[in-house]
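One chain, subunit A, links the two complexes that follow: it is found with subunit B in the first and with subunit C in the second.
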Partner chain A sequence: MTDVKLDRVVKRFGELETIHGVNLNIEGGSFVVFVGPSGCGKSTLLRMIAGLEEVTEGDVYIGGKCVTEAKASARGIGMVFQSYALYPHMTVRENMSFGLEVAGEPKEVIAARVSEAAEILKLGELLDRKPRQLSGGQRQRVAIGRTIVRQPKVFLFDEPLSNLDAELRVQMRIEITRLHERLGNTMIYVTHDQVEAMTMADTIVVLRDGAVEQVGTPLTLYHRPENRFVAGFIGSPKMNFLPVRVKSVGSDSFTITLPDGQDISLSAPGRLPASGEMLELGIRPEHFIVGKGGDFEVMLHCDVVEELGGTTYVYGEYDECQIIVEGDGDLRIQRGKDGLFSFDRDRLHLFDDKGRAVMLQRDTDPSAGGGNSVATVVTAN
Partner chain B sequence: MDMATTRQLGSTSPARRKPGYLRRSDRRFAYLILAPAMIAFLVMVAWPFLDAMSMALYQYTIYDTEPIFIGFENFRTILTDPYVLGSWVTTAIFVAGTTLLTMFLGLSWALLMYQDFRGRAVFRTMTLLPWILPSTVSAFIWAWMLNGRYGIVNMLLMDIGAVNAPIQFLSNDVGAMMAVILTRTWISIPLFMSFFLAGLQSMDFQQIEAARIDGAGNLKIVRRLILPHLKPVFLVTGALGMIGNLQQFDIIFALTGGGPVRATSVLSIEVYKQAFQNWNLGMASAIGVLWVFTLMPIVIFYLRSLFRED
Partner chain C sequence: MLELRTWREKAGFIVILAVIAFFLFFPVYWALSSAFKANAELYLSDPTFVPHRPYLGHFINAITQGPLILQLGNSLVTSTASALLNAVLAALAGYSFAKFDYPVKRPLMLLILSAQMFPFGVLLISIYPMLQSVGLLDTRIGLTVSYIVFALPVSTYMMYSYFKQVPNELIEAAKVDGASNMKIFRRIVMPISLPAFITVALYAFMWSWNDLLYSMTLITSDDKRTVGPGLLLRYINENNADWGGAMAASFIVAAPVILVFSVLQKQFIGGVTSGAVK
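For the complex of A and B:
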């Protein structure tokens, strides 16, 4: 079990700083996903761990050893690329053997390791084919196989499923998760797809503009986002945001006013907002209740209704705010009509004008049970 | 509706018409738009070519008022003439030397220009300079650099102590051949480098990164990844290089005039000498035919590799 540590890692391209002193401690054997929008620096961070990108400042440790200046091949890592990066003129067998050949391993060892990896990934019948004769999913399996045979301590995946179609992506997602369970190595996985992050990770690291926004288990990020960015990024469809004003503040509670004039009283264990302060209230589309039944009710003018069979999405307007509601497939609502929806106090999120979450007292903690990850990323900048 | 359309198309078009074949009306139109180019080709290329080929069967010198039909006599002469055969060997040496050297240096330069370094764009642009210069100007520059009295090459060789006295490059057989090969190579490198660079840029860089993680060093990456990737580029540049070098005339003519004696007298120079110095048009045509047949296999190979589907 090899842990990976990033210590105040900075990356500059000329004058432009793209990674701003990231601290991260990834526990051995965990499956950590770096997620964030395009250009957030997640791939750069991964490439710095791999040794493919120079670290401008700070240090990278793998297995407790500083590898900042070490060659990529000397770091004990294996990497799977978005483009698969298979050697096109070599057969699957030659692709998988290449690294071991370069390392000067005996032929018997190479053959044994290749056949072992081929068995794990069900590549046995494809060993004599060239990459161009394989499907996208098979190519990706070969790319993983090429990494496995080298027996790396840490597996790095750089958006490995982005080139696959939706169905294959789901299938490969499951295969990679199984592989992690089987091998037990530390795996660091980069994706911009938050569904991949939520389904595969022990721990998610959300990045934005070269800095870590939040580190936590998938359910912690979903239920307890520390800021508006994480709240909006995790979850699909995105969280709804409404402007609210703080009407009054008590000793450990405060009241906010919704755009339609409705008041909501909330308790906060920590910092309280100031009276008159403008906040943003966040509520996830799936946390709306159709009709009455929640603590608060809102009337939505429905513009568009998407019926997907199992799920129905309602796009509507509530007091000049665009709202998305996710209901089950039985929800029947007519376009152009008003619909009554409600929500519970415990499902609300509040963010101040800097985007920081205002911690609320909840009667029930929905994230309970999601906090026991195998991996612990103990610090983030 | 879409599905219906697809089914309809699927049931009619592929069954009736072979792929790549046009309908009669389309074919007529195709011939119509091809006609100007075909006429120009027939008048400007095919007719003079066939005319020259037929001239090879005649004796036609400055002493003859009319061409005299002599059958294959000109060919019999050139196939037994040590000068013409020597010229064929000279051509082979020039073509092989120039093509191989250009490919090696073009690839090396492309590998350098592929690296990420400050000022790369300026270097790449400067690399094109020899290609932009008129070839006769390049030939004179090299003639000056290789000059036995004032040439910079001799100066450098003497400075580093490689030679004691200046070498008269253009006055000895080997030196003259080296000079024409070097000059032609210098001019051709930009084009070859561009081909190789384009080939390199079409390579998925992540393959190189994957190989680095696999522990491969620079030489191994070049040998095991880059050279196999560039195989089609090698075929095309090799064929193009050989064709271009077989046709080479101006640089050799400006630099050595085919000399000293006949040391650099390649087939093109030989044709020129026979036609415009000896005024033996029949013999010049016969050498021209030999020249064309030397070129032909390479051209066929080039066209085949160019149009090969994969």
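For the complex of A and C:
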């Protein structure tokens, strides 16, 4: 089980700083996903761990050893690339053997490891084919196989599923998760797809503009986002945000006023907002209740209704705020009509004008049972 | 895409094509026709377009009399060696420019290309004393090395453009696999760049094969002469102008090039178009 540690890692391209002193501890054997929008630096961070990108400042440790200056091949890592990066002139067998040949392994060892990896990934019949004769999913499996045969301590995946169609993505997602369970190695996986992140990760590291926004288990990030960015990024469709004003503040509670004038009283165990402060209230589309039944009710003017069979999305307006509601497939609402929805106090999120979450007292903790995070940020930025 | 709608447009297009084809192929036809004409027919004041009686004497004389076969051998050796040397150097330089970053990269690329800006005759002025000083004047090795001047700058750019398209991830994957830069070049990059390599080698081969000036100046011994000066000195000189012999010998000389092109045509076209269609 090999730990990976990033210690104040900075990356500059000339004058431009793209990674701003990231600190991260990744426990051995964990499946950690770096997620964030395009250009957030997740691939750069992965490439710095791989040794394919120079670290401008700070250090990278793999298995407790500083590898900042070490070559990619000396780090004990294996990498799967977005474009598969299979050697097009070599057969599947040759692709998988290449790294071992370079390392000077005996032929019998190479043959044994290739057949073992081929068995794991069901590549047995494809070993003598060239990459051009394979489908996208098969190519990706070969790319993973090429990594497995080298028996790396840490697997690095750089958006490996983005070139596959939706159905194959789901299939490969499951295969990679199974592979992690079988091998038990540390795996670091980069994606911009938050569904991939939520379904595969033990721990998610959310990145934005070269800095870590939050680290946690998928459910912690979903239920307890530390800021507005994470709240908006995790979850699909994304969280609804409404402007609210703090009406009054007590000793451990405060009252906010919704855009339609409705007051909501909330308790906060920590920092309380100031009276008159403008906040943003967040509520996920799937946390609306159709009709009465929740703690608070809102009337929504429904503009668009998307019926997908199992799920229905309602796009509507609530006091000049655009709202998305996710209901089950039985939900029947007519376009252009008003609909009554409600929500519970425990499902609310609040963010201050800097985007930081205001921690709220909840009667139930929905993030409980999400497991412990196996990556921790020592200090972000 | 050119779309021809009316018959006038089509006719106009065909006429233009015919004129271009005439200028392109008529000299070749005329040379071929002359090669098969006996001298009596060749020098008629009223020229014939088709030989009255095909005459093979010029071909037989070109092969059996004089040093044409020896000169062909010399040309083949120097052109092949220079083509390979050029392609190898262009591949190494092009790869370095395409995939590595170092401070003098841009000036170095411009410097290499600037060699192409000078007329070849001007470069000969400096090449001559250089070869003389290292004792390579009047040697096939000296001629081979001097031929690099013709094609290396453009070849380097051709290889550079090709290598630019080789995905970096492929090279990075090989790095993660533990391969050294040279191994990556040899085992990964070169095998997939073979069409470009062959294109560049053919390009250099043609330049060397068609050379007259360098061979004429740098080679003085008859036994080392290549076909260009060989044809000129034997068939068209101040005392003699054997046009029939010159044409027949020219076709014999062109045969290896045509053969090489026919064999490697697929790779050549692949190399030329590889940048356009991905």
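FYI, the second predicted complex is superposed on the first by the 371 of 381 C-alpha atoms of A that agree within 3 Å, B and C clash if a C-alpha of one lies under 4 Å from a C-alpha of the other, contacts with A are read in each partner's own complex, and residues count from 1 in each chain.
One rule holds for everything that comes next: a residue touches a chain if its C-beta (ideal position, glycine included) is under 8 Å from a C-beta of that chain, and two chains touch if they have at least 3 such contacts.
Just so you know, these numbers come straight off a predicted model, no measurement behind them.
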item	value
Superposed partners subunit B and subunit C on subunit A - clash or fit	clash
First, second, both or neither for A:Phe296, with subunit B first and subunit C second	neither
Touching partner for A:Gln82 - first (subunit B), second (subunit C), both, neither	both
Subunit B versus subunit C as contact partner of A:Tyr313, first or second or both or neither	neither
Those residues of subunit A which subunit B touches in one complex and subunit C touches in the other	50, 52, 71-73, 77-79, 81-83, 85-89, 98-99, 102-103, 146, 150
Subunit A contact footprint on subunit C (complex, rising order)	167, 169-170, 172-179, 183, 187-188, 191-192
For the subunit A and subunit C complex, residues of the former touching the latter	50, 52, 71-73, 77-79, 81-83, 85-89, 98-99, 102-103, 146, 150
Residues on subunit A engaged by subunit B in the complex (per definition of touch)	50-52, 71-73, 77-79, 81-83, 85-89, 98-99, 102-103, 146, 150
Sites on subunit B touched by subunit A in the complex	204, 206-207, 209-216, 220, 224-225, 228-229, 231
